[in-house]
Amino acid sequence: MTDKDALLSYYERRTCSAQWMEFNRAFAAELSAGLPPEDIRQLFRRIGERIALALPVERCDTVEQLRNGFNARWEAIDWGFATLQEQADHLRIVHACSPLAMAFGPDTDDWASGFFEGAYQTWFAAQGTPPELRVQAEAAPTDGSPQVMLRLGRFQR
Amino acid sequence: MTDKDALLSYYERRTCSAQWMEFNRAFAAELSAGLPPEDIRQLFRRIGERIALALPVERCDTVEQLRNGFNARWEAIDWGFATLQEQADHLRIVHACSPLAMAFGPDTDDWASGFFEGAYQTWFAAQGTPPELRVQAEAAPTDGSPQVMLRLGRFQR
Amino acid sequence: MTDKDALLSYYERRTCSAQWMEFNRAFAAELSAGLPPEDIRQLFRRIGERIALALPVERCDTVEQLRNGFNARWEAIDWGFATLQEQADHLRIVHACSPLAMAFGPDTDDWASGFFEGAYQTWFAAQGTPPELRVQAEAAPTDGSPQVMLRLGRFQR
Amino acid sequence: MTDKDALLSYYERRTCSAQWMEFNRAFAAELSAGLPPEDIRQLFRRIGERIALALPVERCDTVEQLRNGFNARWEAIDWGFATLQEQADHLRIVHACSPLAMAFGPDTDDWASGFFEGAYQTWFAAQGTPPELRVQAEAAPTDGSPQVMLRLGRFQR
């Protein structure tokens, strides 16, 4: 039997539509050559904000409704899925299987973090989440799996 | 972090092109209603043979070349990938990540087995493999993962 | 400038998902070898009925709502679109850009006619259309363009 | 019967993979907000150059071989197709059915022109075309059809 890591790695390689793979890789090379990393992260953050505005989620009453609302949007464009877990003082958001890592190449974890910070912050703000609560990316998983870890909570440096 | 099984299950759900999911499910219902299981298995076997003829693999000298030849064909149509392992008295073929299970629904393992028996038998025959060697499906993995296990060897009941 | 027919023909070639093109062509060869044409037409009719049941359209008050309801379903699975035109004694339905012709090969106009008769008849019945009104395919367009012409009206031989 | 313009317009709307439509539109909004048009055109030109390098075309002896070489590359990523016509003093290149207009929105003809100038110039240079011959975009078709017109010839202002 082929092990799960081999299956996952096959699927991951195909996460990004073949139509935009080369284009996005070329675009990534241009960005890296022309802008400092923090500016690229901010650009992806703004792109994430725009996508959340373009794909609004209706008002939700529970965390589960919210997760379903987010995932209906992501599923429609084949961008993976979110898991939400309530913690003592924050909400943990894990976004898995997005095409970003495959599309822009290795070493762009920070771009993906910026993108999802922008997208989730915008969606939570539209739900009436108080502005002192911020979506912030946490360290990427060390096993290289295609996941972005974020937290919604009070701003932390 | 979301665990690997959740990632795999997300990917598996999306293995079959949305364009043909409903059609194939409806076709499966018609087949199940109209034909005995063994006839459906033979139908899928013949479809597998036709696909192997339509997507020929050039003559190969090593098992690794053969695996690469098979996988180039499967990859072009987004049908998963094969692993080949030489055993004492047979060659083990594991085909993972095909869209068949998702396309035709649960309980169609036998259809997939028939399909891949037909496809690999035809490809091996075209490579000059002696006719007494047969591709035969083995029991499906018990963990429900999307894999078909086959062996190329002397015919066994 | 490249003319419209060349653009159309490029797009048509790509109507069917690459994942199912070879499979469907092989399936078509098996069907043609094993069943008389009228039986295949009936099989496709039943597949169309099943798809219409699997993708229900909500109750509509106008022809335009109905067209939008149908097309939302077709668009979700990338199956082309319908145009509805009220005539003196029937409703004309033209279904364009479906992947059927490309999927099953030339000379399968009848299969597509059967499929769409089944699908539209089922959707109209669910809207409360009286049973004496029938969806019937008309002659295919002579210019070879990827369209199926149907009429909803009293049964005609 | 539905007319050809309606069919074309249906197909054009679907030219760009749903996975990247919203992302590209958001990216386009960021670009337009942040860079002068000529800089965006140059960015797309460089992206086109990088794609031509990433997808090299083997050495060709005839215009027809070259067209087939280009189109095999474009077809693999679902980016439309080129037509080449030898004229008295230049080679006309018409690129049809690319996803660029749908991906980045109306009013981005100039971006597409830049992209294809970069891609074709790079491919012709790799074929040994003398450097005084330049690929230059010409005016877009006035009928709004998804085509980019270019010429390979001596530089013209």
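So that you can tell them apart, the chains are marked A, B, C and D in the order they are listed, and the count of residues begins at 1 in each.
We take it that a contact is a pair of C-beta atoms (placed from the backbone, for glycine too) under 8 Å apart; a residue touches a chain by one contact, two chains touch by 3 or more.
This is a predicted model, so every value here is computed, not measured.
Think of each touching pair as a link: the shortest run of links from chain B to chain D has 2 of them.
When the CA atoms of chain B are superposed on chain C, the rotation angle comes to 180 degrees (nearest 5).
Of all residue numbers that take part in the contact between chain A and chain D, over half occur on both sides, making this a same-residue interface. Averaged C-alpha coordinates give centres for chain C and chain D that are 34 Å from one another. Residues of chain D in contact with two or more other chains: 78.
In terms of which chains touch, the assembly is arranged as a closed ring, every chain touching its two neighbours and no others.
Listed by label, the pairs of touching chains are A-B, A-D, B-C, C-D. Contact residues on chain D toward chain C in their complex (touch as defined above): 1-2, 4-8, 10-11, 14, 78, 80-81, 83, 94, 96-97, 141, 145-147, 149. Contacts from chain B toward chain C in the complex involve residues 16-27, 29-30, 43, 46-47, 50-51, 54-55, 76-79, 99.
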